[in-house]
Every structure is written in structure tokens, then in C-alpha cells.
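Next up: the structures, one after another.
Here chain A shows up in two complexes: once beside chain B, once beside chain C.
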Partner chain A sequence: MKFFLIGILYTLLLLTGFVNESKAGEAEENRVDLIGKVVDHYYLDFKPAGTIELPRIIYDRGSFHFYASTTRLINKSEHFTDAHYFGSTDMQEGNLKPSSYIIVRTEDGTAPQLDLSITSHLVFFWLAGALVFIIFIPLSRKYQAGTGSETEPKGALQNMFEVLVLFIRDEIALQNIGPKKYLFFTPYLLTVFFFILFMNFFGLMPWGVSSTADISVTAVLALFTFLATQIFASKDHWKHIFWFPGVPVPIKFMLMPVELMGLLTKPFALCIRLFANMASGKILIFSILGTIFIFSDLFGPGVAYGTSWIWVLLTLFVYLIKALVSFIQAYVFTILSALFIGLAVADHSEEHAH
Partner chain B sequence: MELAYLAAGIGAGITTLGAGIGIGIIGKSAMEGSARQPEASGDIRTSMLISAAFIEGVALFGQVVCIVLALK
Partner chain C sequence: MNPVLAQGLLDVDFGLVIWVAITFALFMFLLTKFAWKPILKALDDREKAIKDSLEDAEKAKSEAEQISTENEKALKEIEAISHKIRKEAQEEADKIRADRLEKAKADSELLLEQTRIAIEQEKKQAMSELREEVSRLAVEAASRILNEEIDEKRAKSIVDRFIKDINGVR
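Right after this comes the complex of A and B.
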């Protein structure tokens, strides 16, 4: 299903890009910043109320440079400027979107050493993290005080999250890690699940951005699962990688690189899967809405107005699928993390009947 | 240059085809399994999702190669 949608997306993305280009001259003001919506950007969009530009922090040649916004950086800074303005004297020339700014050094036009600026993905990443804290610390206090653990859970919030927490503990952790060690890994799995879920849900809200549509966020999440897998791995895990038991010696040497590759592809697949699923939802919605403008270009505005309800309904449908995918991807990430951890910590010593 | 776009498009199509066939086979077997043994449908659904996720992972590798080709 997902891949069918990604297939259409490739075609539509090209078409919307084409339409965007041909209309660029006449409707510069009303142009939607398509690429800026999909990739990370340095402002929060609250259209039609306006945008808030986020602070820029740039580290270059041994010192940090702080600026309140990208516009301020370009207008005020003597160290940095935009690549489009580089070499020109008129700073007001052109009307670029904040997403298309490329920060370069004023003196030679090369990129600064390190850009630590706060981006929209980072803001919603922090918001999701804060939400996990705000919801779950008071909830755990409640359980320690006895509500829920000795009596019945109270209130909608506690009831709602108890279902999910119990599901992750009993259906994911216990099933995949085993009865001996599952309680040790349950906190990690719960954190990962709710963190990803909240980040995904921020992408469904108006003006919100899902941080999981950023490959660096998913890469860090996958790295944590990888570290958890390797740090708590049993002796058998390493034995199966470097000296596979029960096969002839030449085969052992052949299996070693294969197993090492398998070790690295697991977190890589985790990272790419979450990123691609969340990013494709965004692109898909824009592509479907872009069809209205393609129709307007091909058959005239009348046809575009007449058929626009089809695309709006289709967008609503895709939006609902995105809501479903948000849940499924958080679940899949958690269950695969549990599975990999379970495979690594499993002790094969008692059942050695290879 | 243009051939890279062509390769990316064809590659994306073939990856989609492979993933579609794979997930279709999983869905078919899972439905058969839970029709024969409705009490095991919970376990079957979990393993179905895990296998689908693995196929998705392999297909995503293909998609990444296509994106790299298209962005060249």
C-alpha cells in the first residue's frame, strides 16, 4: 500500500515541480514553499498569521555567533551572508524564502564550519520530548502513590495510557525479549514508542512538523537501539557473529562478513523506514493538492475548480492514513527494537540442539 | 544525466513491484492462517507486521538508491 503511494508520489512530485516553475513569475507572493514544508527549515510557519524565524547559532573559527533570526543574520552580520547575496551590494534585492537561504562567509563565500541553528524539526523534537515528561512523570508518581497499582486507574489520561503501556509491556517486550529480562528493557521501549508517537502526531496538527521526517532524528533513535542491542548482548550473540557454531571452518569465515553486515543493516533499516514513511506522507499530500494546479494549467481554471473536491477528499483520506501510519510506525519501530534486543540478549546455553 | 532519472524511475517501479508482491504473499498467508485457526490470529498479526516491516526495509533500500540516482 505504502509503496504504491510512493510510486505515484515520484511522478506527481516531478509534475508539481514543473507547475511550480511555470507559475513562478505570476504568483510569486502566493507561492507555497513546497520544499520548505518537506525538509527542515529555520522558521515556524503560522500561516496566515505569519512566520516566526528561529535563532541561528553558527560556530566558525573558534567562536560562536548568535543571531535572533535568519533575516537579522543576513542584514546585520559582518561575518556571514546569504549565498544569493554574496558579491552583491544591495541586500534588499530579490525576495527569497527563508528556506532557500544558504549561509556563507562574507569574505570568501564558503560554508561556515558548523551550523548549530535551531530548526523547526528541533523545536517539535523538544516539544515531543517535553510532552513525554509532562505526561509520564506525574503518571508514574500516581502509580507509586497507589492509584492504579492497588486500586483502579482514575481519569481519562491514566486509563488511556495504561492500555498502551500494558500493551507494550505484555505484547511487545514480554513476547520478544522473554520473561527473564523484559522488565529491564520495558522503560526504553516505552520511551521510544511514546516519543516517536508524539513526534508523528505533531506532523498531523495544523502548523506542526513531524520531526521523524528528518533522517538525523531517526538515525539517532536507531543508534540508541543499536547501542542497547550491543551493550547488553549475550556471549552467544558475539559468538554467532564472529565464530558461527555448528558449521565447518571455511563456512565460519564466509559467515563472518555476512553477520557483520546484518548487524549494521538492522539499525540502518530502522532509521530509513521511519524516515521514509513519515516524509512520504507529507510529500504525498502536497503532490495530491498539486494536481489541482496541474489541471488548472492543462485544462483551464474552470476544470480545476470543478474537480478540486476530488483531490481535497483524497487529501483527507491520505491524512487519515497518515494518522494510522503514525501509530503503525511507532509500533513497528518499538517491536523491531524489542526483537533485535531479544535476539541479542537471548541465552542459547540451555537449548543447544542446533 | 537523463538516463539516471530513467533508472531512478524504473528502479522505483520495480522496487514497488517487489514489495507489493512480498507484502501480498504475507497478507494472503496471514489471512489463510487466521481463517484456519481464528484463536491464533493475534500472534499471526504480530508476525505478519514484523515480516511486512522487513520487506519494507529491503524495499526502502531500493528506494534510497533510486533517490540517490535522481538527486545526482
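Right after this comes the complex of A and C.
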């Protein structure tokens, strides 16, 4: 009954608000590009305050081209233009706005060799990195000064991060890699953990972007784990892949492609898992909030306003889940990296006598 | 071209890959050098210090325990020794007392004996004196009675013989 009344109240509110909006007739303009919220951009989105275009760096035919922003590139460059404007006649105006942000050569409309432009995901990747530096460089100074090494750790920051560092060293690195080599890989695991954690957290902030929701970023991280496993792999690791011990020769040949595939699926799974988890969280939040507008279209604005509290609460719930997932995914990526490294570097000649 | 579909979710941006790879490697290198290594070293140092001090404490405790048991043992030994000494002293004292007692007894007996002997001699002497006196008196009495000058010497020998006989009877 109570909610019904609230629904009616909302309906009244809407009769004033929504009518105005439909008068403006800008439904197309207000449409939210859901995937666009997740994918990478060549600008930082601070809507409604505006956007900040990021520098474009293009490598083509043996030389680098720098532009302060996409707008500058389109208006100033003789070599490149926005794909949207390619071939159009009003190109010389000098007051063009970027449209597709995809850069093509002016002469034939083909893509340049390499687009090294700074993107929003890269900026937030760097921000996460900067945050790791801002937190851990003073912390290491503190440790070197004696606090924490000779005495107990002091202060919330040191205590909080020491717990995480010790957890990664003792529960992730030591447990999965073994006492002989774990200290060598701990710095890598620490770097990966805190980078992913902070990147995930940036996705929870207003206007923030989580770089881990980009498959390119997760692919690089997975690639680092893959390289770590391959470069520091033991002899046993290669033996297990190309000549599996303890099975008949025909089986050995059958196992070879399987093991090779396993070699590649591990980093691939790492990459996809992190990316999918982080991207899906954001898509889920937009989808749930979008339900309000879908209801508005399907059942009328009254129902949409009346049920909006459900979707807002659900969004809050998903948001909290996302905060949890930020931790879990950073942990999962780190522990799986440690596990794969541990499997590759282990000398398990006597353990696998099967 | 539709701007919405300009970039899909699964598109890999190679420019971004290169940037991320280079900067991540750089960040990792710098962080390892300036953050992780010092922090891990500090934690390791602290753990070692704690472990060492715990071991030291354990050692000190066992040492203290050892010292205490040694002390106890020494105390017991000393007690035993003192007990022994006391016992020996007691025995010595008993022995000395017994010796003294015995010696005193012997002395007293000796004294008694000597006294007895002395008494005996006195008695003997007294007897012999008495005998002599008696014999002289007898001789005198006899000579007076007889009024006769008998050889005093011969009479004396007769009396002596007579007394001896008496002695022999006695």
C-alpha cells in the first residue's frame, strides 16, 4: 500500500517532468551507450562536466606523430583524419569535432600502422600504478627507517598493507611456488595484485574506469604470467609438455598437443576471467538501472518510478558485490599466477612417478 | 560507420597493449627495487629478530632451569654433606664421651684398686707393726715373767714364727 502511494506520487512528479522532456524531444541524444561505458576511449569522460581529450600518438611510415588531442589532430594534421570525415568535402574548415575517434590516413582512408594513443584505460592503469607508488614508496622508506623492521608496524596504512603483503608472500607465493623460489616471484605477484586491485577500485569510483575491464590490459597481465612461467620453467615442465613421462609412447604423442594447449589456455583463462568479471559488473549495473527505463517504455513511467527503488537497491547490492569482486579477482589472478608459476618451476620428477 | 559499434568489448588495442606492457614492466622494476625488496627485507629482518629473540628467550629459560636444577642439586649435596658432618660429629662426640666415661671408670677403678692396695699395705704394715708390737710385748711379758735373760734374738725368732703361723692360719 505504501509503495503504491509512492508510485502515485512519482507518477504526479513525472507528469510534470517527463512531459517537459518529451517536449524537448531529445530521446536520441540522451540514450546511454552501454558498451561505450565499458570500452576504451580516447578521452576521459566527466559527463556532465565534459570530457578531456587525450593525446594521440600515431606511428606511421617510420615516424611518430604527436597531437595534444583528437580535435587537434583532425584540424591540424595533414596525414590523418577521423574516419567519419574521410572523403567528406567540408574537411578544411578547421573547427571539426572528433566523431568516431578512429584515425585514418587522409590520402586513402586506411588505418595507420600503429596507434599508440593514450586512452582512458591507459590513464587509469597509470593512475593505479601511481597509487601503488604513492602508497608503497613512503611505506618502504618507513620500513627502512626502522618502523616495522625493528619495531611493530605503526599506523593504519602500514598495518593494512602489511597484512596484504604478508598474505601474498606467505599464503600465495610460499604456498604455491614453494620455499625455494617463492621470494624471487613475490615482487611480481605483489605488483600484479596491487595493480589489479587499484584498477578494479577505480572502476567503483564516480567517473572512474576500471582498466581491468579491458581485454588488452588483462591480456598483457596474463602475458607477463605466461612469460614468467616459460622463462623460469624447469626442465620437468618442458618434459611434461613434449614427452610426458610414465605413459606409453603413442599416448605421449597424444598428450603433446593437449599439454601445449593447456600451456596456452592457462594465460588465456587468466586474461578472460579478469576481463569478464570486471566488465560484466559494470554492464550489470547499467542493465539493472536500465530496467527502470525499459519499464518506463513498457508499462509507463508510473510503474518505472514506483519500482525504481527495487532497481536502485539491487544496484547498490551489485555495487557492493563489485567491491568484493575487485578483491576476489585481484586475489584470484594473483593466486592463479602463483599456481602456474609454481607448476612450471617445480622440480617434481619424483612426485610424478605415475 | 556507427560510432556505437566502433569499438567492441573484445577488440584488442595493440597500442594499448604496447603501452601497458612497457609501463607495467617499468613499474614492476621500479616497485621491486624501491618498494618490494626493502619491504620484504624489513619484514624478513623483523621475523628473524622475533625468531632470534624467541630462541634466545627459550635458551635463557632452559639455562635458568638448568641453573636452578643445579642449585637444587648443590643444595641437596650440601644438605647431605652437612647431615653427614653432623652425624660424624655426633658419633665423634658419642665416642669421645664413651671413651671418657670408660677412662673415668678405669681411672676410678684404678684409683679404687690403688686405694685398696694402699689400704692393704697399710693394713699389712699395721698388722706387721701390730705383730712386732705384740711379739715385743709378748717377749717383754715373757722375759718379765721368766725374769730370765733369754737370748732376745732367739726369742724374737720364736715369736715371729709363731706370728707367721698365725698369719698362715688366717
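Keep this in mind: the second predicted complex is superposed on the first by the 306 of 354 C-alpha atoms of A that agree within 3 Å, B and C clash if a C-alpha of one lies under 4 Å from a C-alpha of the other, contacts with A are read in each partner's own complex, and residues count from 1 in each chain.
By definition in this document, contacts are C-beta pairs under 8 Å (C-beta built on N, C-alpha and C of every residue); 3 or more make two chains touch, one makes a residue touch a chain.
Everything numeric in this text was worked out from a predicted model, so none of it was measured.
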item: Which superposed partner A:Leu339 touches (first chain B, second chain C, both, neither); value: first
item: Chain B or chain C, by number of chain A residues touched; value: C
item: Touched partner set for A:Leu221, first chain B, second chain C, both or neither; value: second
item: Touching partner for A:Val165 - first (chain B), second (chain C), both, neither; value: second
item: Residues on chain A engaged by chain B in the complex (per definition of touch); value: 1-4, 6-7, 10, 171, 175, 265, 269-270, 272-273, 276, 328, 331-332, 335-336, 339
item: Complex contacts: residues of chain C adjacent to chain A; value: 1, 3-4, 6-21, 23-25, 27-28, 30-32, 34-43, 45-46, 49
item: Parts of chain A lying in touch with chain C, wherever the complex brings them together; value: 33, 35-36, 38-40, 57, 83-84, 99-102, 114-119, 121-122, 125-126, 129, 132-133, 136-137, 139-140, 143-144, 148-150, 162, 165-166, 169, 183, 186-188, 190-191, 195, 214-217, 219-221, 223-224, 279
item: Chain B residues within the chain A interface of the complex; value: 8-9, 12-13, 15-16, 19-20, 23, 46, 49-50, 53-54, 56-61, 63-64, 66
